[in-house]
Structure formats: C-alpha cells, structure tokens
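Next, two complexes with subunit A in common: one pairs it with subunit B, the other with subunit C.
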Partner chain A sequence: MSEIIPPFHWHLFLTEPWSAWYLDTTLRVIAMAFCVSASCGLVGVYLILRRLALVGDAISHSVLPGIVLAALVAHTLTGPAIIIGAIVAGFVTTVLIESIDHHSRVKTDAAIGIVFSALFALGVVMVTMFAGDLHIDADCVLFGNLAEVATQPGMPPALIQAGSVLLATILLIGFFFKDLLVSAFDPTLARSLGIRARWIHYGLMAWLSVTVVSAFEAVGSIIVVAMLIIPGATALLLTDRLWKALVLTVIHAAASTVIGYHVGLWLDSNLPAAMVVAGLGLFVIAWLFSPSQGLLPRAIGRQRLRDRLEREKVEARETTEKAESR
Partner chain B sequence: MKATNREGWKRRAVALCVVMASISFGLSGCGKKGDGAGETPHEGKPRIVATSTMLTDLVKALAGDDAEVAGLMAPGVDPHTYEMPARAIAQIRGSDAVFYNGFLLEGKMADVLEPMAAQGKAVVAVAEALPRDQVIQPENFEGHADPHVWGDVQLWKQTVPTVREALQHLMPEKADAIAARADAYSTELDALDAWIRERIALVPEANRLLVTSHDAFTYFGRAYGFEVIGVQGISTAADAGIADIVNTVDLVKSRGVKAIFVESSVSRATIERIAKDAGVVIGGELYSDSCGPAGQMETAAGETYDKGTYIGMMKHNVNAMVEALK
Partner chain C sequence: MSETSQPSPALEVHDLTVAYHKKPVLWGVDFEIPAGKLVGIIGPNGAGKSTLIKAAMGLLPLSSGWVEAFGRPLKEVRDRVGYVPQREEIDWDFPVNVMDVVLMGRYGKLGWLKRPGKADREIARACLEKVRMLPFADRQIANLSGGQQQRVFLARALAQESDLYFMDEPFAGVDAATEDAIIALLRELCSQGKTLFVVHHDLASVPDYFDWLVLLNLRLVASGPTSEVFTPEMLAKTYGGQLTVMTEVAEVLRRNEALAREESH
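Let's turn to the complex of A and B:
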C-alpha cells in the first residue's frame, strides 16, 4: 500500500508550497485554477437549472475544431481569435443539435451524442494533422497543462484571459440576473415579461463556449465538464436561493482548488484532476450532510417523524384505554 | 410595463458594452511582457536545480556544501519521456541556477527552460556547450545531436568547466573552493577513464558489440571501441517497431553475440523478446539515462562503489559488459 500512496510529509506538501521561493508558483497555479473553476461553475449553475448539463458536456468537446482553426490562424491559444472561434463552434453545436432534433426522428440526447463526439473527433484529427504548427497535442487536449500555462514568464496570457472571463461572467450575471432567473425557473412568465428566452439561451451557450475555451489550455476538455457541473450541483444541494447558490459555487471552486492543489502535489498527479477529485469530495459531504437535502439529516428527520408517530399512537391508545376503563 | 422593460434592456446593453470593453482591455494586455520571471530573493545558500541524475551528481560534486543542489529526476526515471510535476516547476522557478543536459535529452522541458534563459535566468545546457566537432550528429534524429554525452568519460569531463564557471559566477566568493573541487572531480574522471580502458581490454575485440534498448551508448562505443546497436533509436518516446526487433534478432544471430542488455530506465519487454527469439542471454541491467538508486553499494572486480553516482554507474555498466562479453 505504501508504494501506491506516497508517504505524506506535512512539510513537503502543506508548508513548503507557501514558503518564499515556492509562493509565486503556488499563487499563479491556484489563481489560474480558481478563475477557470469559478467561471465554469457559475455558468454551470444555470446549465443545471435549465437541465442543460449534457449540453455543457457537448460544447466543452465540440469547441475543439474551433480552437484548432483559430490557433492555426492566430498562432496563439489566447486572445480574440480563440474567443471568436469558440463562439462560432459553440453556436454551430447548438444549431446542429437543434436541427437534428427538429428535422429528424433522432431524439435530443442522441442528437447531442452525435454532434459533440463527431466535432470532437474532427478536432482531434485536426490536432494530429497540424501538430507541427500548434502548441497543443493530444495530452493537452485531454488533461491541459495547468502548471506550465500558469507559470509562463511574465504575466501569462492564459491567466489574464481566465481572470477577465471570470470578471466578465460575474458582471454578466449581475446585469442579467433577473432575466436568467426567470427564464431558468419559469419560461412562461419570462415570455409574458417580454424576456426573449431564445436570446438568453443563445447568449448562455455563447458564454459557455467562451468559459470552456479559456479553461481549455489549463485543464483540457474532459476535466472542464466536471468544473462546469460539480460546483453548481454542490451549491444547489445546500440552498434554494439562486444568489446564495452562486456564492456557494465560488466558495466550492476556491476550496476544491486549494485542497486539490495540495493533494495533487502529494500524490504527484495531474493537478486539475486532483482538484476535481477534491471537488467531488466536497459534493459528497454536501450530499450526506446538507441541512435541507442531505441524506443523513433526511434520514434523521424521517426517524424522528416515525418516533413521533409511534409516540402519538401509543398516547392515543393509552387515552382510549383510560377512557374505556373509566 | 413593456416600455420599462425595453429601457432595461437598453441600459443593460450599454453595460454589456462596458463589460466587453473591459475584457478586450484585459486581453490586449496579453501581448505585453510582465516584470521578469517573478523570483523571490531569499537568504542563505543559493538554490540550484539539475535535471538528470548524472548531471545532479556532477553539480553536487562541484558545489559541495556551498549550495543546495536538488535533482529533478529520480533514479530510474527516463529523461526522454519525463513529465514535469508541479513541484519541479516550482523548484525551477524558485532556483538561482538550472543545469540541464540539452540536445533534447529532457524532451519537452526545453520549452519551459529556454524562455527562462531568455529572461536572464541562469539556465545552462551543459552538453550544448561542448565543442561541436566532438558531438555526434545522428542521421535519423531530425538534425539534432545525440544527447547521451556522459557515455564518454573524457567528453563528460569537458562539461566540468562549464558547470564550474556557472557556479563561480553565482558564488564569486566561493570561486577558489569551487575550482579546487572541479580539479579534484576531473582527476577522478581521468582515473575512471583509465580504469574503463583497462577493464574493456579484457573483452576480445570480436565480442565488442553492445545491444541495448535504445541508442544511449553511441558516445561510449566511440570512446571505448564498441559497436553499439540500440533497438529503439535515440529517444525512447517512440516504441520499437516490429522491423527494428526483427532486424536486431537477425543481427544478434548472425554476429554470434554472447549477451544483450536491458536498461534501468526503459521497459525490458523488447530486449527480453529479442533475447528469447535470438537465443542469447540478457547480460544484465545497464544504467543508461539514469544512475542507480542513491546509496546502493555494489562490490565487483575487487572494489565497492555507489551505483547512485556517475562514477559508480559507469563502473557497474563496464563490469556488467565485461562479465557478459569476455
């Protein structure tokens, strides 16, 4: 067992990463991962509420051909070209899914399955074709290069981009809070209020593509799915209020980033994957112990109810017996 | 109701423009270079990082107790396919000087190290500083030089001045001590070179054919009169093809080779298969791209040495060859 799990040195994995010579690297990696995880998580809350989690999965894969094309044109994985490429690819995905759904007997889930895997495959083919001209390879597509991306000399472009996207996500949610809220919970009410549900939908899909792309270089296109869904899912287990869920999502992103960073250093594993595993741990804790929906509080509540019913039954029987004996 | 809503949209549309402007402002910062690599100055001894175990051993021998020398690669790790963990990135960024072999021995690491060198960090590729006329340019390595320079002790000795100068530049006040240690180490390497020639003389010239997993012994062969056959080519990144294996089996049979060798940092499977198909024995395990486990002593040919050092590694290899081929 000791060979599978490396020994845990308190100093090496908890103290040292925060010491002077290590601190800059630690802060950059954590900042990068937090920006990615928080902006994905915030968008993910709306995906979960609108039951679009699978579409999030789809778009995170199908932006790959857009990324490759933009990278071939602009020779970089950050900046406007990538953002535009991602929005176009995300839009194509959404439209393709809808048109297959509407104009054939193929159902929505199958349509999603066809579109995202095929576009992802196209992207993989393009990556291998143009490998010489690109700074991405198949490994990077799958897992990302978090530590290397975050520690590029100077101010890493990927970090600036992820930070800007997080800031913009927060601002967009702030401006369109009511529209997003109403169209997520009550589409009929949204229509009667004059909110254009289709615009909100396409806007959300476009922004989903942007967040996914800004995460791509750091965490790859598989891990990003977990970062879209797990923070929001955890937050929505803990509260029924949307704004509280958004705040909890950001807290979850921060906690899983910091915990996952240390776990990843200890186990010498891929850092984004360790962060997702840490996030899953937090989800399980929320699932078990959430005051309103947790398995344990609910089991305790049921037991209490059963006890009370039992007690009342006994009391009632005693009263009748007393009344009869009298 | 409708009018106020339209106004709300207008207001938010303006706000959205502000958001987008702020993002593009953030992205425009991408092109600019920041303030250097962001190292934190620290008290005490300089921190030095070296990549391969052979190089770490050399740098430690020259730096003595005057610096903290950390080796990135553990014994038995294959440098060609080495993936930097996050801790290695922090160690490199937090160090005062980095020594690496170069000539693509460390695979993708050069992509990380070269930008740092461009930013003014002390990053030294010891093999790349060797005189070009002594470096082997293989035909099938896309114009790159063969990085396995430590196989020839006299050539490896020529990296000592490079390391010495870099260390003296880093610690001018310790220049004399470093020079004294460099001279002592060079003398040890001269003795090693003479010892190897003496031992090799025990192998009949007809038997001086070395078959190993990959082309790690070309310099060794050139210096000590061995013909070398590596099944896998210069880098271990690509696996051996069927044709490579069949050709090697034919060659081993036709030349009547007594024994072939596995390497500690490369999978044994290919060599084991060739040994079986050609009906020869495996002559032992050679340390090709990595020293042995640190502090592991071995007694052979009437002396005891530490296989975790460069000198011990060379002695182990030569003893194994002499035993199997004489």
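Let's turn to the complex of A and C:
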C-alpha cells in the first residue's frame, strides 16, 4: 500500500509550500489556477443554466486551431492575438454546429460531436506540423503547463491575462446580470422585452472562448471542461438563488484549487488534474449533504415523514380503541 | 374619418403566414381586436395557437403579413406588451425565487445596467399580493403547486403594467379555486381597458370566460364576439368534426340555450 500512495508528511505538503522559501511559487501557481478555474466556473454557471454544457466541452477543444493560427502569426501565447484567434474559433464552432443542426438531418448532439472533435484534430495536426515554430506541444495541449508561471521572472504574462479575464468576467456578469438571467430563464419574455437573445448567445460563446483560451495553456483542453462545469454544478446544488450560486462557484474554485494543490504535491501528480479531483470531491460532498437537495438530508426527511405518519396511525388506533373499550 | 373618432384596434393582424421548415403552421391569418376585450384563442392541438401568440409578439420570422398593436409596429410598443408563458416552457429548477420572477416583469421598464429598485420591489409586492402569493415571495419556484406557479407568472405579467397581454394557457394544470381567482383577475384587467389574449383549451368554460374569440385551425376560422362565433357550425369547422370535442360542444351549447330560455321566461 505504501508503494502506491506516498506517505503524507504534514510538514512537507502542507506547511512547507507556505514557508518563505516556496511562498512565491505557491502563490503564483494557486493564483493562476484560481483565476482560470473561477472565470471558467462563472461562465459555466450560465452554460449549465442554458443546457449548453456540451457546447462548453466543444468550444474548449475547438479553439485549438484558432490558438495555433494566432500563435503562428503573433509568436506568443498570450495577448490580444490569441484572444482574437480564440473568439474567431469559438464563433466558427458555434456557427458550424448550428448550420449542421439546421441544414441537415444531423441532430444537435451529433453536430457538436462532429465539429469539436474535427476542429480539435485539425488543431493537433497544426500543432505537430508547426511544432518547431510554436511554444506548445501535444502534451501541453492536453494537460497544460501550470508550473510555468512559477519559473518566469517578474509577473508572468499568463497570470496577468488570466487575472484580467477573471476581472472582466465578473464585470460582464455584473453589467448583463438581468439580460443573462431573463434570457436563460424565459427566452420568450426576454425577446418580447427587446433583449437580443441571439446576441446574448453569441456573446456568451465568445466570452466562453476567451476564458477557455486563457485557461488552455495552464491546464490543458481536457481539464478546462471540468473547470467549466464542476464549480457551477456544485454551487447549484447548494442554493436556489443565482447570485449566491455565482459566489459559491468562486468559493468552490478557490477551495478546489488550494486543496488540489496540496494533494497534487503529496501524490506528485499533475496539479490541474489534482485540483479537478478535489473539485469533484467537493461536488460529491454537496451532492450527498446539501441541506436542500442532498441525498442524505432528503432520505432523512423521508424517513422522518414515514415515522411521523406511523406514529400518528398508532395514536389514532389507540384513541379509537380507547373510545371503543369505553 | 379622423383618428380620434375611430381608435386604432388593440391588435391588428394582417395576412399573417408563419412557416417552420417550409411547412406553414399559420396561413393568411387576418383579424382586428378592439381594445378592452378578453379574447380566447381556441383551436385543436397543433392549430398554431402558441405560434400565433409568438408571431403576434414579433418573435418569429413571418413568411408574410404584419402585426400592429395600437396602430403601431410591435417593436415600437414593446413596453405595452406583457406575456405569460406556457408552463412546460419553464425550467422550474432554475435558481430563482418567486420575487426574482416577478421582478423580471420590471426589466422592460428598467434601463441597461439598472437594477430593480425599491419602487420596483414595491410594485412586485403589490402584484404578488393581488394573486395572494406574497407570503411565498422567498420560495424557490419548484417548491410551489401548479396553481401557485401559474399565479406567480400572472403576478409577473401584472408587474409589466402592459396594455396588451398574451397568455399561453394560464389555466393549464391549476385547481378550480385558482382558475376562479385567475379569471376574476383577468376580468378586472379588462375592465381597466387592457386587452388580453388567452390561449384556452376547455371549451366548456369558453362562453363564460371570453367576450371575443379567435377560432384557429392553421387558418383563421372566425374572429368576433363570443355570442356570434361560438356556434356549432363554426366549432365544427374549427375542430374538423372531432367526435369527442363535438359532443362536448353540443353539451355546452345545449346548457347555454337552456340558461337563456330560463332567463327569458
């Protein structure tokens, strides 16, 4: 057993990362992962509410060719070129999915399957073709390179970008809170109020592309899907109000980042993956114990109701028996 | 003829045709409704009742025709149009409570970036009070009965403070007491000069509820005061002789005639 799971040294995996010697690395990695996870999670809440979780999956993969093209032109993996490349790729994905859906008998889920896997494959072909000119490789595409922010001197550009994206995400949600809420909840009312539902949809897809691309380099294209969906899904298990769900999403992102960081150090694993596993752990806890919707509280509630009905039945029988015996 | 002597109708639909995938679901629909009427939209399943509402609200691409409310294109009078959706269209697990839903009715009156303020909350509370749902203001919408859910959406429509309302089956899945409360409220709105379009299924209550009817089956069968168009011939045309419906209609008409006879005696 000890060979499979490494021994847990309290000092080594919990205290040491926060000591002066490692503090800089720890803070950078955690800040980067938190920014990525929180902005993905916030966008993810709206994807879940609009039943677009699968589209999130699609776009997180299909931005790859956009990133590669932009990287070839701009020779960097951060900055406006990449953002524009991602938005274009995200837009192409959305339009392709809708065109196949509308203009053929292929259904939405199949259309999504075709578009995202094919665009991702195209991206992988491009990555391997131009590997020499690029700063990314297939490994980075799949798993990301979170540790990179720790090794760069000064303020890493990736961290600045991820931080700006998180800030912009929060601002955008603040600006468009009403429009996002009503167009997800009751699109017909939204449109009758003059809210342009299609613009909201495309805007959300564009912003999804931006958050995904700023996460891409750090955590890879697979982990990002989990970061889109798990925080929001956990938050929505815990509350019945949208704004509370958004706050809880950010808390989930922070908690899974910190827990995952330590678990990752302990198990010597890929850090983003460890963070997602930690996030999943939090989801399972919410699923089981959420006061309003958790499996356990609901089971207890049902049992209590059964007990009460049983008790009342017994009491009723006793009173009738008493009445009869008199 | 001057504009003042002949006020523009609350809703005018002219030669309206709507098609999904090249298949027409509404064909050449043409009618005018005077203001202040409680209008029932009646027709069999798939007759295009919901489509008519959505097209009239300007939410569907039209193959032909136009719609005007109060003599102006719908786009220009959006803040005078209110809407109650069909129950099945709502995701009841959505993270909103009753108050949130009613406040959505105020969004049309608010500017961009503006949050519902104190005045909006007051209006929302008054509307909830009107449908007797104020004690449930903090409830998540899934934790309500069907009738309560319908009343919440009615409160939202009230909060819109519109002159023209479109309601997609507001009586579906509600108990008798709620149905009475809803119809009382609709009549009150009408008496304030508001015009209400209500998609309705239960033929038995039609003559009692509505003072104007739009009979629909892909094409317009008839539009006019209930006393004129709620006749066996018109209903036979609307329902194409569906046997169960026709027996129901015959029953309703017989009862009405009996009532009328009693009154005249």
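By our rule, the second predicted complex is superposed on the first by the 318 of 326 C-alpha atoms of A that agree within 3 Å, B and C clash if a C-alpha of one lies under 4 Å from a C-alpha of the other, contacts with A are read in each partner's own complex, and residues count from 1 in each chain.
Definition applied: a residue touches a chain if its C-beta (ideal position, glycine included) is under 8 Å from a C-beta of that chain, and two chains touch if they have at least 3 such contacts.
Just so you know, these numbers come straight off a predicted model, no measurement behind them.
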item: Touched partner set for A:185, first subunit B, second subunit C, both or neither; value: second
item: Touching partner for A:79 - first (subunit B), second (subunit C), both, neither; value: first
item: Partner chain in contact with A:175 - subunit B first, subunit C second, else both or neither; value: both
item: Partner chain in contact with A:193 - subunit B first, subunit C second, else both or neither; value: both
item: Touched partner set for A:236, first subunit B, second subunit C, both or neither; value: second
item: Touched partner set for A:245, first subunit B, second subunit C, both or neither; value: second
item: Contacts of A:49 with subunit B and subunit C, given as first, second, both or neither; value: second
item: Which superposed partner A:157 touches (first subunit B, second subunit C, both, neither); value: first
item: Partner touching more residues of subunit A, whether subunit B or subunit C; value: B
item: Overlapping contact positions on subunit A, where the subunit C interface meets the subunit B interface; value: 175, 193-195
item: List of subunit B residues in touch with subunit A within their complex; value: 1-2, 5-6, 12, 15-16, 19-20, 22-24, 26-27, 29-40, 42, 47, 84-87, 89-90, 93-95, 112, 115-116, 118-119
item: Residue numbers on subunit C that touch subunit A, as the complex places them; value: 54, 57-59, 75, 78, 81, 83, 85, 89-91, 94-97, 100-101, 104, 107-108, 110, 113, 115, 140
item: Footprint of subunit C on subunit A - complex, ascending; value: 49, 175, 177-178, 181-182, 184-186, 188-189, 191-195, 236, 239-242, 244-245
item: List of subunit A residues in touch with subunit B within their complex; value: 17, 20-26, 29, 76, 78-80, 83, 146-148, 151-155, 157, 160-161, 163-165, 167-168, 171-172, 175-176, 193-195, 261, 264-265, 268, 271
